[in-house]
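See below for the structure under consideration.
Naming follows writing order (A, B, C and D), and every chain is counted from residue 1.
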Amino acid sequence: MGGPMKIRASIMDGVTEVKVLMQHEMETGLRKDSEGKLVPMWIITELKAQHKGKTVLEGQFGPAVSKNPYLVFRFKGAAKGDKVSFTWADNRGDTRSDEAEIS
Amino acid sequence: MKQEMNLNRRKALKTGGGLGLLGLLGAVGLLGPGLARAEWKKDAFEAKTLDEALAALGVIAPENSAAIHLSVPEIAENGAVVPVTVASSLSRIEQISILVDKNPNLLAAHFVFPEGTQGFVTTRVKMGQTAMVIALVKAEGKFYRVSKEVKVTAGGCGG
Amino acid sequence: MKNLIKAALAIVLASGGYAALAEDKGSDEIAKYREMISDANPAEFDEMRGEELWKTAGGPKHASLEKCDLGKGPGVVKGAYAELPRYFPDTKRVQDLESRLLTCMTGLQGIAEKDITTKPFGTVDHKPAIEALVAYVAGQSKGVSMAVSVKHPKEKEAYEIGKRVFFYRAGPYDFSCATCHGQSNLRIRMQDLPNFTVKKDAQQAYVTWPAYRVSQGLFRSFQWRLNDCFRQQRFPEPQYASEATIDLTMFLAVSANGAKYDGPGLKR
Amino acid sequence: MNAKWIIAIAMALAQVVPAQAAKADAAPDAKAAAIIKRDFHDNGIAKADRVNQDELQALCTRFGDNPPRKDQERIEKQQTQAIKWPADGKYLGDWKAGEQLAQSGAGMTWSDKAGDPAGGNCYNCHQLSAKEIAYGTIGPSLLHFGNTRGNTAEVQRYVYARIYNAKAANMCANMPRFGHMGILTEAQIKDLVALLLDPESLVNKE
């Protein structure tokens, strides 16, 4: 299971900005280990952010997203104190969900 | 503020344990309709040329647009982390894709924006060498494209 | 005549200024790049892990590190890093953070020293506890002014020896630390080099280590920073938490006194 | 000169003076040397004995890179005499190979393997070609070096010597002694001479 994310969400003029920092190796599948063997690809492939059961962002990553991926997005319709949840899934079937309160 | 962050950390660590089961459920497709349904765009992510990537993403005749703003550093001190922001004043952005023209696989990330979510995204990508970063935007059914060069430099002593 | 000199001077100044501007463009872009990536620092994950390790019972003695004395009394973590290295009466020597953590981990938790010092630096598959602990303890001094003492004779001596380690030229390249870090406004490739003989530079550099290194995707302790400098200096490897590196750290930390600690940092 | 300047200069001097004054103290010098010899160990090709100083390193360390004139003249003469000149009397190699060497910062670290080709580390410290924007400034800019110096046999010999042993001309220079210390081979040094002097080289062409 993946490690926890850091999620910060803040609202200004009706727009909620969500900043998510994920913990993931994002192994490209192109790197060789010390013995010269290719390290298999291991990446987050899918992402989803939700607010009150409604999806506010969906995304997909390829191997070129940096290790410990970082994402910022903005949506309307939330209020201070609401919660935003964020979930990722990787190509090994692992997944992780965390949530944060909008400040 | 710091206090609060620490509390959140503790909480994140604690709830982490409980997600083991959820993790398993997710793996068999029970997590929720969104993640299980949205197929990873394998063809697009494995595309080796821009034409292949555009075709796999279903992009037709993208136009250049001044309404798309792509923010990248002119020089990246390290190719492992290149910050990319795509923003647009166009109404009803549906999708944003970020590509790097000289990477082995061009497509780095692809985002879908439901109604109410703004046409804005920041993320960080890897670049093997100096190359063009390309943002593809779909708004009201039409495709737009903007690109900028990022110089990836050798850093440090290099030994 | 006077006007002529003035005019000549103006030309010299103008051309010098222009050269400086042209040269700065690259550095400005690097500064912009750093600003763009400064938004989120993965070192926070290491701090989180370190806090958990600090508070969780471990080792053969099943003890946590909450009784570890980092110099401000048992269990006091807040502000401790800003006063390290320092003299510890119980071990009768000057210790930096890594060496003090070793004392606590071996003493309180009963872990064998070689189990910690054989592979003390992280890789993709190996995440040593001591590095996460370094991240946690250092992070708890964020915003605290550096106040490293040289009042104790042993502290003073460590500072003096550290300074000599800094200026010691050896190895196939004839380098000392000062070869790259003893003059102002120089860079290697595009990276500005802090001049540790000037307070402002020393402060800026010291207070942003330890740090998450984006090129390696790993959190790096100060001991790692020194080791990698010695590696590039073409020196042999310094022993982990040895007097040579503790004293060198003392010299650098004292040079940074007065500045607010601002780590763990985020580096290239 | 106004008061502000005087204060600034006084402050700058105050920062320099204690460092120099402390250097004269012999007790910590001896202790520091003993600690360095004890605390550094072998790792791969980087053996512990690398911390043992030769006379040049010891004198430069002891005198803060500003040795007495007498020592300087003696050591520079000794270093000059130790230069091994190419047996074939030729100095100019392949500038393209030289550019590759100049780009590489590899060689002689404990993470390099025995027999791995060493780099010249040139761009780490010098500007060389207009094309490479990531260059260091520890050494002077060498952009258009050949255009300004020419490409005579005499200049070639001078450049060969500077790369082979920069300390022959300036005892406590920052630049490594690439030939003298066995960092680069004769052929590699010739490639670097060509990079600097060949009219077709990147250094001179653009």
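One rule holds in what follows: a residue touches a chain if its C-beta (ideal position, glycine included) is under 8 Å from a C-beta of that chain, and two chains touch if they have at least 3 such contacts.
A quick note: this is a predicted structure, and the numbers were derived from the prediction, not measured.
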For the chain pairs B-D and C-D, which is connected through the larger number of C-beta pairs in contact?
C-D
Whole-Å separation of chain centres (CA-atom averages), chain C against chain D:
26
Please compute the C-alpha centroid of chain B, do the same for chain D, then give the distance between them in whole Å.
45
Whole-Å gap separating chain A and chain C, where each centre is the average of the chain's CA atoms:
31
Two or more other chains touching the same residue: where does that happen in chain C?
26, 39, 48, 188-190, 214, 217, 231-232
Multi-chain contacts in chain A, i.e. residues touching at least two other chains, fall at 3-4, 6, 66-67, 70, 72
List, in ascending order, every residue of chain D touching at least 2 other chains.
105, 109, 111, 123-124, 133-134
Touch graph of the chains shown: is it line, ring, star, complete or other?
other
Each pair of chains that touch: what are they?
A-B, A-C, B-C, B-D, C-D
In the complex, go through chain A and note every residue touching chain B.
1, 3-6, 15, 28, 30, 45-46, 48, 50, 54-67, 69-77, 87, 89, 91, 93-98, 100
Sites on chain A touched by chain C in the complex:
3-4, 6, 19, 21, 23, 25, 66-68, 70, 72
Partner chain B, residues of chain C touching it in the complex
26, 29-30, 32-34, 36-37, 39, 48, 51-52, 142, 188-191, 214-215, 217, 231-232, 268
Contacting residues of chain B [partner chain D, same complex]:
75, 151, 153-159
In their shared complex, at which residues does chain B touch chain C?
2, 6, 9, 12-13, 73-78, 80-81, 83, 122, 124, 153-159
